[in-house]
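Structures are listed in the sections that come next.
Paired with chain B in one complex and with chain C in the other, chain A is shared by the two complexes that follow.
After this line comes the complex of A and B, so read on.
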């Protein structure tokens, strides 16, 4: 068992290395010095408290969305609708937080989380039900729902709820903001890094235990591993397909906490910056293990902030290339190590 | 009412055929891949790569023929890579497709920023002179639309009347049986994927040449809608043709409704193609059957 984890961690590291090498080569061909660029990223992130805090701030939503995607991946379900789920949930979360001016924070916060969760979950429930009832693959429906969800949010925002001539909602009261970590660690000053990071870490632990140590998690993995055998184990495949999707989609809304309560205080159209897609890469790199996701989310947070830091040397879009390359090298390297493990296990 | 009737004109019809082209090339390309048993959601990425390379080569060289060839080549190379992953390494088809889509979209965004120092679109290139092949039918004026029409019987013939098509289908239905009969399974799977990439490039080229630029997000999920059209069309060229026409009709309607203006919010009209896709999938899917080994690595 331990050997397996070592091998899997090893293959993740090899994929990262491979991706870095290809990116280096690519930059070199374009006439940019990769050593200077990556050196700058490292010194930005690890050299200053602010840079490190910014990286953790970017990591937070990726932990949340990565774990959400992982739930679906364990059940062999493809949730490519993260982007739409995040926006719908976060939008409603922000609306709820500003709609009841008289109520205290301790009521508003759970209420906002609940409404956000429900709305996001609806966008997971729809493709799950269509899959269960009609057999339509969730891949296409979740992608279509991304477009539909964003269009709906855009409509309600612009024609009803936006602050005039902006694409954002009104701001929550000042006393609703989450505590910033810079209050305790002065060198983080200026960064919006807040306690959502701890919520995300806690969620990762909860999801880890749910997936590997509870009967729900066991059944989710069973329908992913072998749906036919699951039926004979009297696991209701349809039910757990819906459960996985509703949980995963609902969880996506928590991404909004970091931005709304932790940073800006409002929902802004386009705030999610493709987190829903990056989450797929985050989860895959960690082989859908929530503890591993914490680390792979940090890698992507590092690249995300690092990309901004070197934008004058090379367009920050280089990080999008890095993301795609990571996914492909994980797939390739994992296949090779799995084959190696299989051969070795058979031999023993 | 008069407004509604004015929608259906020759102009509208030619708009339908314009919208039809990228859907059709994506969907028929997808059929080549899936008949061989490889699910290819990288079609979205293939549309982006061909549209982008056509636009960029056109801007730098001004040669339409060269841009056309390069766009096809780029897609051929990318689809060979896709085939190496899905066929040789036997990776999960859908995750591989997601990876390709991320990578290709990222590359396009990066290169726009790198070449043109802007973040959303390439400069415009010279308008491509329309070749009025059949000038008496205004909606058939574009050569690529004629190619699309020709692809229908041609693909039906390839799939169902040639040895290549029979073997391609056998590989998608039952690779073990095909291999036991001496069919080179991997060869046919790779061939299906590469044909898919090349055919899809026509769709991307068309998108770029119609707007004389490549802009970020211009494919707008058309690759995925094309896949839906392929599924609803039961992987059959003639059916795919009509399903794509239907999707094109709704997209043309969307554009028309936006222009004439109506009481319906524009955001809802814009999401019409996506809503229609889901609804049609729900309505038709029970009656379709994919190739038996579709998506199963072999």
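After this line comes the complex of A and C, so read on.
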């Protein structure tokens, strides 16, 4: 078992290395010095407290959304609808937080989390029910729901809730903001990194435990491995399909905490910057293991912030290419290690 | 004469377990050779080595006198070695013809040359008397016919050595005879046949030579003329006393009716699957359903599990919990990726925390009390031998203590000794006052266990033998077997 984990971690590292090499080559062809550029990224991220905090700030929503995607992946369900789920949930979360001026923070916060969760969950419930009742692939329905969700949010925002001539909601009161980590670690000063990071880490641990150490997790993965046998083993496949989707989609709304309560204080259209899609890559790189997702989310956070840091040297798109390449090489290298493990682990 | 196959000191290890331990023997050309042994003795492993699916850790393999190192099944096929898998790999939506040529399509220009294919396939079908229609869709075929399609796929590629791993486990007695006719034809046209089975009667009937494996080692070899069922039985289990304390059936009244199907009917995809099923399951009673596979058994099971509901008639289900040992262990019975303990956890109703120690304990209980042979507690069930997978599933379901337990072919692929053990457990379940439905195509098993016997043909219960009647009819088992055998294939109905 341990051997397996070592091999799988190894294969993730090889994917990353492979991608780094290709990106090096790519930069070289473009006539840039890859050593200078990567050196700059590393010194920005690890050399300054601010850069490190910014990277962690970008990592936070990826841990949350990556873990959410992983729940679905374990049941062999494909949730491509993260982007729509995040926006719908965060939008409602922000509205809730600003709609009851008299109420104290300790009531507003759980209420906002709850309404956000419910609205996001609805966007997971719909494709799950359509799949269970009619057998329509969730890939198609979740992609379609992205359009629907974003269009609805856009409409309600522009027509009713946006602050004049902006595409954002009104701001929450100052005393509603989460504690920033720079309050404790001065070198983080200037970065909005906040306690949402700890919420994300806690979520990762809870989901890890649930998936690998409880009967719920075993049933959830069973419907992914062998849905027919699951039925005969009296696992309610339909129920678990819906539960997985509702939980995953609902959890997506927590991405809003980092931005709304941790950073800006409002929902702004487009704030999610494709996190719902990046989450798929984050989860895949970690083979859907929530502990691994913490690390792969950090890698993607690193690339994201690193890309900004070298913005004047290379176009930010280079980092997007890097992210895309990582996914491709993960899929390839994983396949190879899986075959190797199949052949060799049975041998000894 | 050069043997068709020679194994020389073949050793294959999984972890600490030697699945094949220095095995050497030869298989004569153009003969029918049976390989016997307990569950987990290493039969399938040896065949997988011959077929290129596994590589041996040491030892040599000779095919037609030439040393071979097969790295993939593809290499083996090229050398004329073919295997009929126990688990069919057919595409349901395709016709027989399409399944056969898949991956080996005759091409003319840029199109598949269906005419040539059709002709070639028809030739093989007539030559070996397979009785298949190339245009039939696979989903409409019975298990026995699907097996023939698998065979046809192989014959189309003209092998010289054909391996069958427990082909008869899924067949009813009539179908076994038919299958053996085909085997004889294959032999007559020059093929070498290797056959694995747990049914000693079949060995006596068809084998020319036998090899027995025990715990990975070759322990016995003989010509057909030197053997009988007793000798084989002893060689298979070794010196250890071959006795099972048989449980006797207690008198139970069988009054409480846990399920009643009355004139039940059901159709799917335009075909009528069940019509006019009358069945009453009673607590403390074993109801046996006997019939050729595919005559409605699975639909009845699915109704009892509430996976299907009847369209005509009524189904009254009065039990609070039900367990099932399904007919197809790989597809329906287990999560292959999970260990035994993990399968148990998945099967449990309530919420449980499943740490390693607990999973180990759950595995341990079943492994110990049901003598499941496995490299260790944490071996995924997919890596157990076929019979041991079956034992683990039976154990898991019995331990579940449900009010009704359905056993569908409970000893399929299980060796003699373990079969007796499982039979005992089934009687034990009955004696404890629970209701049992036993579906099987093995008449001996049905006669031994059933309190009440229902014969199923074409989705109908064509005959029901009440407990008293059954008891008296079984006194003359031979003529009863003939009668039931006829009813099973629809003879003497209307």
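Annotations
By definition in this document, the second predicted complex is superposed on the first by the 348 of 348 C-alpha atoms of A that agree within 3 Å, B and C clash if a C-alpha of one lies under 4 Å from a C-alpha of the other, contacts with A are read in each partner's own complex, and residues count from 1 in each chain.
By our rule, contacts are C-beta pairs under 8 Å (C-beta built on N, C-alpha and C of every residue); 3 or more make two chains touch, one makes a residue touch a chain.
Remember, predicted model here, so these are calculated numbers, not experimental data.
The superposed arrangement places chain B and chain C in clashing positions on chain A. Applying the stated contact rule after C-alpha superposition, one finds that A:164 touches neither chain B nor chain C.
Look at A:222: by the touch rule set out above, it reaches chain C but stays clear of chain B. Legend: residue contacts after superposition of the two complexes on their common chain; A:315 is shown touching chain B, with no touch to chain C.
Once chain A of one complex is fitted onto chain A of the other, the partner contacts of A:174 are absent, as it touches neither chain B nor chain C.
After overlaying the two complexes on the shared chain, residue contacts for A:134 are found with chain B alone; chain C is out of touch. Within the superposed three-chain arrangement, the count of touched residues of chain A is higher for B, of the candidates chain B and chain C. Once the two complexes are laid over each other on the shared chain, residue contacts for A:231 go to chain C alone; chain B is not touched. By the document's definition of touching, of the two partners only chain C reaches A:213; chain B does not. Overlap of the chain B and chain C interfaces on chain A: none, as no residue is touched by both. Per the touch definition, chain A reaches chain B in the complex via residues 30, 78, 80, 130, 134-136, 139-141, 143-148, 151-152, 154-155, 158-159, 277, 280-281, 284, 314-325, 327-328, 331-332, 335-336.
Of all the residues in chain C, the ones that touch chain A in their complex are 13-15, 54-55, 57, 305, 307, 324, 326, 331-338, 342-343, 345-355, 378, 383.
Only residues 41, 85, 89-92, 94-96, 98-107, 109-110, 112-114, 119, 220-221, 224-225, 227-228, 231, 265, 267-268, 270-271, 274-275, 277-278, 281-282, 285-286 of chain B touch chain A when the two sit together in their complex. Residues 1, 213-219, 222, 225-226, 228-235, 346-348 of chain A touch chain C in their complex.
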